[in-house]
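Everything on this sheet refers to the single structure shown next.
By written order: A, B, C and D. Residues from 1 in each chain.
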């Protein structure tokens, strides 16, 4: 794969639930966990999705239905042609002693990161936070993984709570060497805040999302206020160091016009 | 040390001839400042119109091996938001910033120009390459000398104290004629060229155009010879300074543009093909090129290929 | 075995959609025959005019990384010499041969057409992309719908028994309008597009344009998206068969052209970028592409991307 | 170097005589002997010239003044900028026991061929034919080469005669394994004829000239009648096998318009 558009037939679809599915394509690529692809649904739109797994002859993305595009994606069947480009951006760096923190669909790239960590025989732990059990993809696979702790906001699976809440206890049990997080921005900032309570800080690798149009660093759509860093090129995974100077954390994201909506206008999913 | 790269563009002092082209990293003060820090002599903001527009769905920007196809459909945050970003930029940086504007009708141009002028940009670029919805064949304003002249005149009348550059496209019958219309109606400079075509890529499996808008303008290295010729023709027709734009990736490309008649040189797609370091790389290679040949000012090369 | 690659081009049966484009390997019976043997479905001879012309000095054909720039300046051996070569070709080969003609004035076109008709080519291609010396800005005939219509009408009136195709260039305000002028005046087909631009390359050391003619038309892979868009626009405007030409190098490129609306597909610069084996390579790749998808005739794909 | 135009400064000029000079450029290229470059004199024209030598850091062409372009070339001085593209075409294949036969300026590529043969330690002989001693380039260098036999039509240097005349005697003395010839077309055909008197034929490698415009096989200017072979791509050095079927040997060459002049119109140099 490359930045040029190529179309592939969907090889298979894994249905986690009605609004949460994984799609596999016959495609071999070199990609770091956390890197993303642009996925084109002909006639609809093209949007960024992280790789949730890379296998011998297949790659996989996991899509959660949140709006028009992702809802339409739920109708995609094996055999359908879909455009794929990428991988784009900078991903996570697997490190021994890493703790993965995922919120909701943000766990998709962490699944690929966990795959890499295991392949490289690096010890890690993974805290998965979901609103409710329904939001959990790959449930059977995860059940068999001793590294995984699942928490849910409604206690429908695992303990009740948010992913960040369990970090302090985990660190007491065994010091966290690095934090790798992916999920809603408030969660990322909470993880960052947690890491900063230590001295020295716990290094963080946080995967951000911004509206994207080009993914090749040219349209400026995904640039972060304060530094001009491009989430599509320098990100989506940014380090604590790169976060310094960014002034827009937690504010509503610029939309397709480039305008940043006021807090009121912004529609939040997740 | 003398700065061999210094140029005077319609009275604006640039420390380097390289101008970030409109539409590239140009939506926010922060992204513009990042490019300014990396060595651009001036930065151009994304073209804005009267109102916010979401533009076309994606794919809207498509690499194709020799550059990009783009059809962002005039996506822009609207002139008021842009005024705020430009003001913020001017607090952050001393590098000259060029605002870029478009109108959906002839009358909108002076309106947007007057509003963007509130941000006191170093220059206002008037992007006439957008389609003229009123026209018979949907051609861009830039294809009609009368319309380009009229837009120039109206903008000039509303904005007297900020230099204006008219941004032209190849899609016309005679660039010389269009350039004269700009000069005759008070333009201070010409930016040439906008993206070329449009072009179309069709996916053989899906059997439909890949761009959501079906077609989009070509940019990048493939269009360099077209842009150099355009600059040549404009320079032969009028004496206005030209921001030569299209496909520039290297110091030699910059020299070609200047030899053809450009005063400054736009860099857009090279941010994708070469990365953001393209500005510092070109600056230092250009310095070496000039030093080796004992050239102390780019103005000595300007138009020198007109033999 | 069915020949999936067979096409009917304005009544001419081609064993492959690939047509050797005019100006490439097209001066002699022997070179045309070599290309025919290598797999072209039809071959087009070099454009000829009334009289022999030496054309510009060299460099006249210049590789530039994404294709070629060419400015051969209507170099041609004259129509009488070309009649002899075409006759010789027809003795050597059954592959349909397309003659190509140009005129320096509107009136020359039917004159040259009538003379080349003596060689009984399968089709006459009328190259209207040459500059109209009588015009105000030296634009090509092809930029003016009235002139294109007039040339078509005059040629049609003189040559009634051989199909004629009008070869268009991008240099106009509306291809749809030009294509309609062809259709309304009796053309049997349209060939699109001729080389693009022109463009210019300047040598930074010598400080002058490299082409002896300063500027020349772009061809090759960089122009494929422009050519696909042109074919799309023409196909949307008229129902004439189109020889889609410009930048085609692979079977997928051919499929793009056909999906955009082409009946046959011209191949020129790929002879340089891919070698003469490009014809057989595309033929076999195209066969596989169609076979894998169960497509038995290219006509099933024709224009299918107009969604 | 490549097919793209690049300009170089002439490093030095070797004047053999007023109308015969060699030019060296600071340039490293990989080229087979017999391959040629296109040389652009800005403001004038661009024409093909064989490489007459390739050295550690330099390449060399040798130009004979015959018409407007080559006469203007005699004014080129060290330091002048000249455009060079190439190398183009197929050259000679150095083989043990090769006999080189050159006529006039046709000896230029043979000098590079001889250089290659010596470097590869392959035995060879070289017959140089000139009209008159004036036409001989590299005279001192050649004087020191035992492999070389020089003949001239006016006996101003070496024996009187033409290069082809001495081939029979050379073959009697020691059988010729391969013939490599470069020079006027009548000479090439005479060499070919000589090679064909043997059974089996002596293999030949003959370097032809045709009017050229593109050198990349596209304009068709240099195509040979009978086969359509392109002198710029398949040639300029052609084998006896490739010569079969060509119907235009010895006829006047097509000019810049593509028209082949009648025998009368044709102007012959050399």
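We take it that a contact is a pair of C-beta atoms (placed from the backbone, for glycine too) under 8 Å apart; a residue touches a chain by one contact, two chains touch by 3 or more.
The model shown is predicted, which means the values in this text are computed figures rather than measured ones.
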item: Set of chains adjacent to chain A and to chain B; value: none
item: Rounded Å distance, chain A centre to chain C centre (Cα mean); value: 50
item: Chain C and chain D, separation of their C-alpha mean positions in angstrom; value: 36
item: Mean-CA-position distance for chain C and chain B (Å); value: 33
item: Two or more partner chains touched - positions in chain B; value: 64-65, 201, 208, 307
item: Residue list for chain A, restricted to those that touch at least two other chains; value: 43
item: Arrangement of touching chains [line / ring / star / complete / other]; value: line
item: Contacting chain pairs - touch in the sense defined above; value: A-B, B-C, C-D
item: Complex interface listing, chain B residues touching chain C; value: 64-67, 69, 137, 139, 143, 171-174, 176-177, 196-202, 204, 207-209, 214-215, 218, 221-226, 228-229, 232, 252, 255-256, 259-260, 289, 301, 304-305, 307
item: Chain A partner contacts - residues on chain B that touch it in the complex; value: 23-35, 46, 52-55, 57-65, 68, 72, 75-78, 81, 201, 203, 205-206, 208, 210, 212, 268-269, 271-272, 275-276
item: List of chain D residues in touch with chain C within their complex; value: 3-5, 7, 38, 40, 42-47, 81, 83, 213-214, 216-221, 223-230, 247, 254-260
